[in-house]
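Paired with chain B in one complex and with chain C in the other, chain A is shared by the two complexes that follow.
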Partner chain A sequence: MTGPSHGIGTGPGLDHGPGGWGGTEVSVRYDQGMALDHVSFRANAGQVTAVVGGDGAGKTTLLRVLAGALAPGSGVVHRPGARQTGYLPAGSGIYPDLTVAENLAFRAAGYGLSAAVARERTAEYLDRAGLAEARDRLAGQLSGGMRQKLGVIAAMLPQPELLVLDEPTTGVDPVSRSGLWWLIARAAAAGSAVVLATSYLDEAERAAWVLALEGGRELAAGTPDEIVAAVPGTLRLVTARPGGDAGRRAWRRGGRWRVWEGPGPSGSGVSPGNTASHPGQHSGPDEVITPDLQDAVTIAVLARELEMAGGTA
Partner chain B sequence: MTGTPGLREGRPLAECAGVTKTFGQLTAVDHVDLQVQPGEIVGLLGANGAGKTTLLRILLGLLPASAGRVALFGEPPSRGTRRRIGYLPQGLGLYDDLTAAENLQFSAAVFGRAVSGCAVSGGAVSGGAGTGGADVLALPAGYAATPVGRLPLGLQRRVAFAQALAHQPDLLILDEPTSGVDPLGRARLWETIADAAGGGAGVLVTTHYMEEAAECARLVIMADGRVVAEGTVPEIIGDARVTVVQAPSWASAFGALEESGIPVSLAGRALRVPGAPPEVVRRALERGQAAGTVRDTAAGGTAAGIIAAGDPGTRVFAAPATLEERFFQLTLPASQAGVSR
Partner chain C sequence: MWAMIVKEFRQVRRDRRTLAMMIVLPIVLLVVLGYAASFDVPTITVAAAGPQAGSISRLLRPPFDVVTAAPDQGRDWAQNQLRDGKADVAVVTGGAGPAVLIDGSQLFAARATQAALADLEQKVGTAAAAGPVAAVKPAAGVKPAAGADPAVSILYNPDLNTSDIMIPGLAGVVLVFIGTIITSLGVVRERQSGTLEQLAVMPLRPRDVYLGKIVPYFAVAAVDLAIVLTVGIVIFGVPFRGSAAVFGLGALLFLFVTLGIGVLISSVSQNQGQAIQLAVMTMLPQVLLSGLIFPLSSIAVGVRWIAYLLPLTYFNEISKGVMLRAEPLGPLWLPFTCLAVLSVVVVTLATLRFRRFLAPSRVRSA
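Up next, the complex of A and B:
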């Protein structure tokens, strides 16, 4: 990376190699409580990092900190300068009363791009994103998917070292979603460190590194494979909703039920006839299954829920 | 659910036959056939502008069809049929200034139907008749007097679910009901939906989330106003394939395919190409090598190197498509270059 680093410095426990951005032990407190509670994360050049979680998990706060829009209460943030940071805020951050082309010209000027460079990139991105015909339409009249694509393009204009995208695909139809992912891949291929928030776990599975948040705290972090490999206990697939204690550790997915048995010594709820005990082993069509990323994050949420309820996971 | 005569005799709760809706020159809905049976969960999928919302409005009785036949509970849509529908709009449709209980009570009064068990007690609101008596909604203590607009979003969504279910509807119409919900919360909402279906209600649900489509007994996929596919997830995917590219430098491979105008998506360090077979992709990669296509990185100048199909480290092969990729293929002709819309 060649741009000047405006980072506050690097802290212990996080290796920021060349081209790596992120934060260490970052906390943010709002009036209602801790929005971020000692969260560490990193984003590497040429890679996509996904921040996952539901509404209120802390995704937006984390991305605002990373983009420099919010100062953390404590912790260390390492990020490039403002002109090397592209940021799509929640809600796309475009001006509804300006046309598509005017929005991009305005943003390009903000990034200090020359008129020639701005024209060239605007034309290329609009063309490849299928927005060329919409360049003179008011941004406020675009469909949700088109508006998100415009927002991502605006953030990509400086070809930033760090591209921060807050839920670019939420509520966006699958066709626009594939267009957005093309833009995201384009930015990563050009060397940007891309950080995106999403509530879609199948999307996070495409990322090189994933941070799952819940209630402002880290729930899980690592590559998708690492997160899956770290799932404790056993996951079973059953056809009917289990009763009793197992019902609290069960959830519906794909029309069937998954039951998680924690690593506790008693192994409550284990059917006596089944001896398989590790994720990754298949012992039958409706028995132990290997979790995927969605299962892994669900289990992490469930384990925390059970812990807070005082139950033993 | 209600034992209304006629419901359990095989007659669909909702039925569209050749339904068409035009706005001036635009045909928003084009000869759509659709049925929802009692106890059935039908997923309605489509890109923006595919006609889903127009179709929902016709079913809700808010828009008349230009042509074709629409029947709800065996009769044309009317104020009467509307009362037997539970509708959850994308924006949740709650009054921000009212509490959860006030929202439910107001809705009950509007529907003119007794809402059993809709009450506040000890901070908990029950509005659960629609799920066979189980509580749909138990607000944490302390939220009973809070206006809905100031509840956390997850709770707002549960209030909206309770409101849609509280008048024991025979048909549920849910427009992107779980957008922005974490996976466990989503699973819990789907338990509520499945319970309602288990009690005999028919469910028509739109979603942009392909994982969620697996919860539906049947999917209907719309593009440009028409139904382009219908069936279970495996039936719709069929034997559709995509091309996967694993290259030492995915960025270079991406650049080469981009030059050829082939839509590509990124999955980890692999590329997935829904719209072109392996031989086409291989040729594009070879052209990229011949032309010396190297995507220079904007930031560091670490040229990713030349790749091609002939590169020993590069693998190009066909793999089964996901539902999202199949969806993309089905709607590709309608959306021109694929990345447009």
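Up next, the complex of A and C:
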């Protein structure tokens, strides 16, 4: 159940190449196996693209390829030059033994910003990020959220055409997450093509474009609405985990269970012949609900697992 | 406790490089150092000058080995032979009588010479010993050897002070320490803290990153060197008789090599622990095999070749030559050339390695 194709219209970012920033049929193989398997993706100027997926889905690999830290085994990657690429690696890329201001000064000098521009942007970004009072503190002494914000504004500092952020909000408290998203939105509003990886699907709903990965392969791609609209079958909300085959298509979220019934005759959505689940198997009253992005991605994962299991749900 | 022991064993087993070093390194070091650890000087090289240079060659027996005889040369030539490190001892014949000049900067050779001369005097009696022990007036800065005939003069380190010999070499050890250990840590720290990937994607040329990494250590090492030399001169009274420029050039080349080795180590180390282990592995042979502690001539030939691969061997020659013997650049061409070759090789390898780990990581094609 892949979503629409990757073409998402034209925008200022497409001026930089026939396909904009992104990659086509990109594959990367580590010793442990395929990290990316013929994945295509695109990032448009002025928009946020979210790369979502579970642990080991290939998010970091994809972002490393896009930022130029990792050469793909095959496929084509379109990205601007290093001077126009801002990158927040998984480890934040911040020197813990430098102060906040020193980290930003190093980044500004590395990107060739003039002293005046660096001073102006540093002051502005520190203020926006709420880090102005911490400018003389060692980065290693900052809280996790503050360090992530510092990493984000360091990546934003050159006002790059492409801003690649690897899990900028992971491990960050809700207030800091909100602040980080404000910064990210500002970067996109300023014209950057922002590509970020996140494990939080509620955050991904804010993105203009979402690429869901699973096991290094594309699971779904499109706008959040398109991905949700492409969900086949029915999603039911029940109070207890259903028994039988339906239990394999159920997951807990909040205090209740969601059960996905595919469009096929068996309800698995994979192949005919599966044991049908019916409302009688569920405990308690159930109601059909409209999936959100988190449900849509979960269903996509389930559908792939069932498919790989040969449809014997 | 058992759980802790098991955990430690598992970790050690997975860190194969450390495990290999823990098992193999002691064996290698014991064998190498066993052959190297000797203060005995089997051969004392002699330069003979003056009309009886030929007969001196015939007269002297092992451990003396006359490597050059110049009947038409005098004391200045003989002294230059010592200054330029071509011989440990010079015998000057003619004039008022033969004189023996000993290079005090070759501490163990000088002591062996004193012992051998005393032995020679006892064995062959006055007639045979009369030649080398004829009275000569000691030159300025030259002291007659204690307990020997006044004709025997020790140059460059008249009191045979150990500190005079060690401090020029220790200056090199300080540079090795800064250059190798600290540099290797500085670079591998980037890898461990995850900032190396950030550097790799920034619009920086590998050469800029490499130079940016080593220049601060270069400056620190230069300051350290100045401090060591000042302390050596002021507190220990070590002379600095030669050209500061020649010494500086040698130190510059030597630093290039040691900093390059530090970067090389960092580029093959996954963490600071591994970097320190490797750095110590390169430091230990330099300290023990470079002639700083054991005379090169005392090291077994099978192991001595290692000494000629070590930059400290050449810096040691340069620093002792310049500081103690006022050796000019010309006669030091060999250690300078060897250091230059080593620096080109090491810096090239280090730059290539640096470029490689700053380039986008490569994995297998899908």
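Convention: the second predicted complex is superposed on the first by the 270 of 313 C-alpha atoms of A that agree within 3 Å, B and C clash if a C-alpha of one lies under 4 Å from a C-alpha of the other, contacts with A are read in each partner's own complex, and residues count from 1 in each chain.
Following the convention adopted for this analysis, a residue touches a chain if its C-beta (ideal position, glycine included) is under 8 Å from a C-beta of that chain, and two chains touch if they have at least 3 such contacts.
Note that this is a predicted model, so its numbers are computed, not measured.
> For the three-chain model obtained by superposing on chain A, do chain B and chain C clash or fit?
fit
> In the superposed arrangement, does A:A45 touch chain B (first), chain C (second), both or neither?
A:A45 sits against chain B, while chain C stays out of touch.
> So in the superposed three-chain picture, is A:V301 touching just chain B, just chain C, both, or none of them (first/second/both/neither)?
Touch status of A:V301: first partner only.
> In this superposition, which partner touches a larger number of chain A residues, chain B or chain C?
B
> Given the touch rule stated above, what does A:Y111 touch, chain B (first), chain C (second), both, or neither?
Second partner only, chain C.
> Tell me which partner A:W181 touches in the superposition: chain B (first), chain C (second), both or neither.
Only chain B is touched by A:W181; chain C is not.
> First (chain B), second (chain C), both or neither: which does A:G68 touch?
Second partner only, chain C.
> For A:E218, is the partner it touches chain B (first), chain C (second), both, or none of the two (neither)?
neither
> Take the Cα centre of chain A as the vertex and report the angle out to the centres of chain B and chain C, nearest 10 degrees.
One gets 90 degrees for this angle.
> Aligned on chain A, what is the least Cα gap between chain B and chain C? Give it in whole Å.
Nearest C-alpha pair, chain B versus chain C: 5 Å apart.
> For chain B, which residues are in contact with chain A within the complex?
Per the touch definition, chain B meets chain A at residues 45-50, 90, 152-154, 176, 179-185, 187-188, 190-191, 194, 208-211, 214-215, 217, 250-251, 254-255, 258, 263-269, 271, 274, 295-302, 322, 324, 327-328, 331, 335-341.
> Touching residues of chain C toward chain A in the complex: what are they?
Counting only chain C, the residues touching chain A are 193-195, 197-198, 200-204, 359-366.
> Using the touch definition from the top, list the residues of chain A that touch chain C in their complex.
Contacts found on chain A: 27-31, 34-38, 64, 67-74, 81-83, 85, 87, 89-96, 107, 110-112.
> What does chain A use to touch chain B in their complex?
So the residues of chain A touching chain B come out as 1-3, 18-19, 45-46, 48, 53-57, 84, 128-131, 143-146, 159, 161, 167, 170-179, 181-182, 184-186, 188-192, 199-202, 205-208, 214, 224, 241, 251-255, 294, 297-298, 301-302, 305.
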